[in-house]
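Each structure below is given as structure tokens.
Heads up, the next two complexes both have chain A, just with different partners, chain B and then chain C.
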Partner chain A sequence: MKSVLRTLKTLRQYPSAIAGLAIVGFLVGVSIYTMIAIPYSEAIRLWRGGAGVWDENPRNAAPVWYDLLTRDSLSRTIKVTSQGEGEKTITPLGDGMVRLQVTLPFDFSYDTFPSEITLYSQATYEDTRTKFSLTWVRPSGTETVLVTDRSMRSSDGYYISQDAQLQTGRVAPQIGLFSDWSLSPGDTDRVPEKGRYELILETVIPEGYEFETKLLVYGQIHGFAGTDNVRRDISVAMLWGAPLALMFGLLGAVGANVTTFVLAGIGTWLGGFVDALFQRLTQLNMLLPLLPILIMIGQFYSRSLWLMLGVVIVLSVFSASMLTYRAMFLQAKEAPYIEAAQAYGASNTRIIFKYLLPRIVPVLLPQFVLVIPAFVFLEASLAVLGLGDPLLPTWGKLISDARSADALYMGHYYWMIQPAVALMLTGFGFALIGYALDRIFNPRLRTM
Partner chain B sequence: MVVKAVVLFITVVIGLYLVIMIANMGGHLDDVRRAEIRLGVATGVYMNPANQGLGSAALKQLTEALVVVQYRRYGLDRPFWIRSIDYLVTAITLDLGRAEYISSDSGSKEVRRILAERLPPTLILFGTASLVLFFGALAVALFLSRRYGSILDKTVIGLAPLSAAPGWFYGLFLILTFAAVLRVLPWGGMVKAPPPKDTLEYALSMIQHMILPVSAISISVFFASVYSWRTFFLIYSSEDYVELARAKGLSSRALQRRYILRPTLPTIITSFMLMMITTWMGQIILETVFNWPGLGRQYLTAVNLNDTPVIVGTLVIFAYLLAGTLFLLDFIYAIVDPRVRVAGGRR
Partner chain C sequence: MTQETQNVLLSVEDLRTWYELRKWGFFHAGYVKAVDGVTFDLRHGQAITIVGESGSGKTTLAKTLLGLVPPTGGRMDLAGHRYDSERVKWLRFLFKQSERAAWRNKRERRTWIRAKVGFVQQDPYGALAPFMNVRKILAEPLTIHRVPKHDQEERIRAVMEEVRLTPSEDFINKYAHMLSGGQQQRLVIARSIVLEPELLIADEPVSMLDASVRVEILQLLRRIQESHDLGVIYITHDLSTVRYFSEYVFVMYAAKLVEKAEVSELIHNPRHPYTQALLTAISDPDPDNARVFKDVPKGEPPSLAHPPSGCRFHPRCKRFMADLCDVQMPVSFEPVAGHQVECWLYR
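Moving on to the complex of A and B:
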């Protein structure tokens, strides 16, 4: 414990190490917050949920911090429901039918156009197709009839921005409806009209039933990380990526590096057959290409992240660092104090774990910290090759999704940059600490 | 040396056998293949207009007969453990057998030809990157060790943590900057389409396509190499015999070449080789990210198609290259380090 404190004190002298510690601390903080705020099952639901969960998010929306980069205020998603701000008027018609008029008002005060407009309806009756008419009222008072007597199922969606009949003059409805219709189609400096818009819906429904409707005017920015091409909120994966990356990195480093260290110690001390066996296994293992074997396992057996981790650990126990540790243990083994321990009759276990291993720990520690990013990036590598865990929202999965959706080509840079920066930060944080520890524990470098 | 080579060879054989077992899922892949063959044959028999008049019993019999022939054709009539030995023998002799689905650009089904077509692009990319890195990093490390403590030195050393990320990762950023935003370099691929007829133009186009991938590898490996090599140089330049040589008035050039570089070379070559082995593995992703038509991308295609002979073939090449690197290390040791030569097989 004391030595840990002393190490931390020495680390304080290295500004790079402080930066590294700050980054790692931040990541740990984010991980703890994420695991409390979005429990695992909730994260899976949000990430794998399907259409029902993501309906109200815009497609390919940029993160909200894009708003800071541009002078204009970018549009955000507006949702108006008949239960909320909407007004309902019901007029009985006789014959068991009623005329229903719903007015859905909303304020639009952004400098850019919305990305999509959709109207959803939800009704309690079934099997009856209703007809409805829609009128769009702009702040200036101009009324535009969108549809008259359009047939609709009781629960349906009307994708206004995709209605080809509204695309007069090659201007998409979400632009045309928010600006002056009379402008020429080629006019590029159209600006959205600001103020209070209204959508008026008229329909005839059977008496005694409920009819609710919901208007979604999708924005161009959403959430702190944006959305992808299936309207998923990227922030879920950005947040959950942190604990998963840390867990994968730490478990991998503990499993592979620490085990290698202990085994090297045991092998060197016992010598003879055990040592020879470990050396043969190391040589054998160095010939087995790790990544190709992982790819094969991912393709043939399972893509579970934890199985992959297990295989990685098994294949990295007898890695090249075994040779490095062995060389050091061979030197340490000859130290007089170990001879003394042998003389008073200490058992093998005692000598290995009390005297031999602690002596080389200073070499292990920087190695251990430096190897963590390697595992974090290994997960990302597998994901980029399409072998990521199908369930878990990780940074690697984000990069892989962005690549397969040609995000860079389409200009959705945020989709690729955010997880890449997160990975970079993680790698840098651990590397900064590792290099500082290296300088502290290897005084030969420090005195230079 | 001979004993060492034999031991290494035996290790390679055991390693290859393990790989073959994994690539065949311990024999389970044979069941998958049998089922595929059966389905193919049955569909063929039932859809054949010539067989229309036959009863279902006759059709079944015909199918069975044809399935047996197909099994024998693919060697599936023999138990898996015999076939695994077959795989091993073809692997060791580099015969590599015939592919099941993939064929080479020239139309051959021989794994050897398929891989031979893919090997040059990989070697060109990898070889260029290695050469640039080794000599570049060596020169910079020597230069910095002379200017220890300068701002330049501190900057380069401060960049060492960049090696935490693999090459393909920087590839993404490079593509983003130079292809997506600036539009000055190609997104990926090896030459522009259609490939230029003129040799010089072809080479120029290839160099243009190689800039980004080579830079990607370099960013991830360069600074870490410079960091560790510079440290070695510094440690050795404070040795007594260097001080003596300096006192004798030797030029700093001669000093570096004869007294500093010479004793550090074995360590440096080892660390470089080990680093390159890691980079070899990363080649698969790098080629995927940059759409480079090399061995790595071929491997991924083969895995996706369950084409065992090609998978095993690629891994055999990988294993041989790795073993070759390890063996080569010993030779290089003997050349650059006279002590090893004198001791005669001490290592």
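Moving on to the complex of A and C:
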């Protein structure tokens, strides 16, 4: 314990190690924050929830930091509801019917057009179709009637930006509605009009029933990581990717590397049958192809992240590093202090764990730290190969989704770059620490 | 005579330690007979020296006596308790209850022996675990032999006083590499006596130390031996350090003890031609030595896998008698009382 503290103190002398510690510390901080702020079940809901959960997110929106790179301020999603900012006017018509007028006002002050406009409505009456008409009022005062007497179910959505009747020439509805109406359809060089817009909805509904409506003006940027092609918030996966990656890396490194280390120590010390058995197992295992086995398991059994981790650990316990450690232990076990320990009666277990293993730990530690990102990358590789966990939001899964959606080709580079940078940052952080530890524990490198 | 037998601490009879040679990993291909028919008695509080060249089997003898290497045959009794060749039979141990019980008893016997025998090694730095501090190094044997924690500290301070690692506060938290060679070796000695053994085996304890601290370490060992009435087996290749130490000297050549005598007797009247050669080879700081040609035995020590027939020294012996020395193994003769020599010259 003391020696570990001493090592950490020595680490301060290496700026690269401080940078590495900062990166890893940041990742750990993000992980802790994520697991507290977005509990596991909530994360799964947000990630796998289906269309209902993602309705209010724009599709393929860029991250908000993208706004900093552009001169124009990019539009963000605006949501106006009849319960909130909207104003409701009810006029009785007799015969048990009322005329309802809902005004949905909102301020638009961005330099770019919204990506989509959708109006959702929700009414308490059933089976009855009613008709409604919509009027769009621009800041300049010009009005456009969007629809008149459009029939509507009790729970309905009107996708204004997809209404072909509102398209003028090559100008999409959301552009036409937000720009100067007097421009000719051929004029595609438009800027949005800034100021207060209003959408006025008029309908006739049975008396005593509730009617609520919600206008969504989708922006071009959303969240710190953007959204994907099914309106999923990428930031959920970016955040949850950190604890999952760290856990996978750490468990993998502990499970595979430390077990290999301990088994190599036991085998080398006991020698004879045990040693021979471990060596044969290692030689056999080195012939087994890891990836095809994983692909087979993924195809035929399960693609659970933890199952994959388990298989990877089991298959890498008797890996080539077993032979490396064995070579080190063969040298270490001849040390006179071990003979002395035998002479004063230390048991085999005590010699292995108190005399043999601590001797090699300094060599193991840097390697161990460097193995962690290897496992993180392995998870990403598996995901890209289509063996990612179908449930969990991991960085590898993001890359995999982005690849299958041709994100780079479509220009949604943030979708693929962000998880890739996160992966590289993780690898970089651990590598910086690992190499610094290596320099501390392997004095030969110190002079170089 | 009865009193003398009672007083015997370690009795070794016809002890043999042979390492098996294998061809292709499994075919038997003979033995390296590192210790071959060694017999001696060691009384309580007696110090003996075993002297011999490199490869004569001294270290194997030490390891056999410590129970680190299983003997191939013969008998070893420590204070009336016998310890023989024993091997942990892995698979049988795993499956048979009775075997397990028997093994446990054997293990208890072995730990008992290990508490009774202390071991001082040649290379003090290598003999100390680099990742343990002085307290831990000295506490390990106590922990293994179930000495309660609160008694350990007291015992550790006591042995540190004894080997003059004082004041103990200055040393107790240090690591081996922070100590000088002499201090390291004193720590090794402290560790070897921390369990209050009755027998101390010192395998070349000073050969890796500076000449200036050699005498100091040997005197320390001598003082400890006297104050605890320890039996000591001092193994060395250097006859010049013998007189600091022991009453008795055994000369070992090619896995056998060829001459046993008291120190002064052996130094003044060496009987075996090999002992005579060894004594001639001692370098005294005398300027005349530069001009004197030393008559050291020709050739090299024999291979222990294929030792010469008859007397093992005969190919290098100046007083070789044909048809006797190269045919028959010499038996023990006693030309003077208390001076035994295995050489046909004294038949």
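The definition used in the following text is that the second predicted complex is superposed on the first by the 442 of 448 C-alpha atoms of A that agree within 3 Å, B and C clash if a C-alpha of one lies under 4 Å from a C-alpha of the other, contacts with A are read in each partner's own complex, and residues count from 1 in each chain.
Going forward, a residue touches a chain if its C-beta (ideal position, glycine included) is under 8 Å from a C-beta of that chain, and two chains touch if they have at least 3 such contacts.
Worth saying up front: this structure is predicted, and the values here are computed from it rather than measured.
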Superposed partners chain B and chain C on chain A - clash or fit: fit
Three-chain overlay, vertex chain A: chain B-chain C angle, C-alpha, nearest 10 degrees: 60
First (chain B), second (chain C), both or neither touched by A:343: second
Touching partner for A:327 - first (chain B), second (chain C), both, neither: neither
Which superposed partner A:22 touches (first chain B, second chain C, both, neither): neither
Contacts of A:358 with chain B and chain C, given as first, second, both or neither: second
Comparing the two partners chain B and chain C, which touches a greater set of residues in chain A: B
Touching partner for A:385 - first (chain B), second (chain C), both, neither: first
Partner chain in contact with A:430 - chain B first, chain C second, else both or neither: first
First (chain B), second (chain C), both or neither touched by A:335: second
After superposition on chain A, the shortest CA separation from chain B to chain C (Å): 10
Contact footprint of chain C on chain A as seen in their complex: 3, 270, 272-274, 335-337, 339-347, 350, 354-355, 358-359
In the complex with chain B, residue positions of chain A that touch it: 16, 280, 283-284, 286-293, 295-297, 299-301, 320, 370, 373-374, 377, 380-381, 384-385, 399, 403, 408-409, 411, 413, 416-417, 420, 423-424, 427-428, 430-432, 434-435, 444-445, 448
Parts of chain B lying in touch with chain A, wherever the complex brings them together: 7-8, 11-12, 14-15, 18-19, 22-23, 25, 29, 148, 158, 160-161, 163-166, 168-169, 172-173, 175-176, 179-180, 187, 227, 231, 234-235, 238, 274, 277, 280-282, 284-285, 288-289, 299-300, 303-304, 306, 311, 314-315, 318-319, 322-323, 326
Touching residues (chain side chain C, partner chain A) in the complex: 63, 66-68, 90-91, 110-111, 114-115, 117-119, 121-123, 126-131, 140-141, 144-145, 188, 191-192, 195
